[in-house]
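Please go over the structures that come below.
Both complexes below contain chain A, partnered by chain B and then by chain C.
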Partner chain A sequence: MSTVRTEQQQQEPLDLIRFQLDEFVLVKLRGAREMKGRLQGYDSHCNMVLSEAQEFIYSEGDEEPTVKKTEMVFVRGDSVILISPIAE
Partner chain B sequence: MSEAEIESSKTNPSTFLSDIIGSSVTVKLHNGVEYSGNLQSIDGYMNIVLDEGKEVVGNTISRTYGDVFIRGNNVLYISEA
Partner chain C sequence: MLFFSFFKTLVDQEVTVELKNDIEIKGTLKSVDQYLNLKLDNISCVNESKYPHLQSVKNLFIRGSTVRYVHMSPNSVDCTLLQDASRREAMVQSAK
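Up next, the complex of A and B:
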């Protein structure tokens, strides 16, 4: 069966992440956490290394999240929900 | 290809997914949050990239993303909107 492939189809989702290398990204994690930082590296599991990172922990009742700053952090891929570029 | 085979290819899940690339979709995750946007790309893990993604919690749009990558393991369903 021949399938017509458009340019969009040839591009795969992890390409979006590749374009974000060395840029700031927002990573939404399980457990009401978010991580913002500069993307140093990633792999197909979405394991990631972020530099200049800030972790935002949202707890029920509190409007403002707890913020933790880290120079360099490894995030294990299995807790990742989504990744999005941060518009600068 | 017999007619039966053509018929089955129409309802094949991966055929459906490649057919809806470029169209507007709603993606629901296991945590109950929905994302709607234009489906830019999808792979075998159901990793998804949406553009103009809107995050819908309950009935309210809580956030918008220019581009958003959703890790496949969180996906409950993908529907053409």
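Up next, the complex of A and C:
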């Protein structure tokens, strides 16, 4: 592989996440959980740190999810299913 | 290695670790390694009535793979530094 980086560098999936730094994202997690928060950091394992976060826990039978607020949280990447930008 | 360094900056701070089996443990972060295994001192269980088996435990080792979340104080995190470090890590990863 060439070491010369051109303008038309192949984009990687994680580049989408890089553009979301300091923006709000929706993270879908294992165990019927979701986390919305401002993305402060991530790595290639999808470990991440979210601020101003809200966790939504969906349980069978309940219409409304349980919501937990947290100011600053580290999420381990092996629980992550998907990460999506939240349209403002 | 980004989050290894990140957790090293949180050593001696109070954190709450939520495990994948729903147990929440609050304690002082004493050390961390490359697998993000954690050592906590002065621990207490947040949901103790539900999980009373840790009542007499004062410090423990948590295998990194069992962690779901680590909650921390926002004051102990430099957000700009963390964002820049993430971008730098992404550059290094894509150059590989």
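Basically, the second predicted complex is superposed on the first by the 79 of 88 C-alpha atoms of A that agree within 3 Å, B and C clash if a C-alpha of one lies under 4 Å from a C-alpha of the other, contacts with A are read in each partner's own complex, and residues count from 1 in each chain.
We take it that contacts are C-beta pairs under 8 Å (C-beta built on N, C-alpha and C of every residue); 3 or more make two chains touch, one makes a residue touch a chain.
Keep in mind it's a predicted model, so treat the numbers as computed, not measured.
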Chain B versus chain C as contact partner of A:73, first or second or both or neither: second
Contacts of A:41 with chain B and chain C, given as first, second, both or neither: second
Touching partner for A:14 - first (chain B), second (chain C), both, neither: both
First (chain B), second (chain C), both or neither touched by A:84: first
Contacts of A:49 with chain B and chain C, given as first, second, both or neither: second
Which of chain B and chain C A:22 touches, first, second, both or neither: second
Doubly contacted residues of chain A, that is, touched by chain B and again by chain C: 9, 12, 14-15, 78
Interfacial residue positions of chain A with respect to chain B in the complex: 1, 3, 6, 8-9, 11-17, 30, 46, 77-78, 80-85, 87
Residues of chain A touching chain C in the complex: 5, 9, 12, 14-15, 18, 21-22, 29, 31, 40-44, 47, 49, 51, 70-76, 78-79
Footprint of chain A on chain B - complex, ascending: 1, 9, 18, 21-22, 29, 31, 35, 40-43, 47-49, 53, 65-71, 73-74
In the complex with chain A, residue positions of chain C that touch it: 2-3, 6-7, 20, 36, 64-65, 67-74, 76-77, 79, 82-83, 85-87, 89-90, 93-95
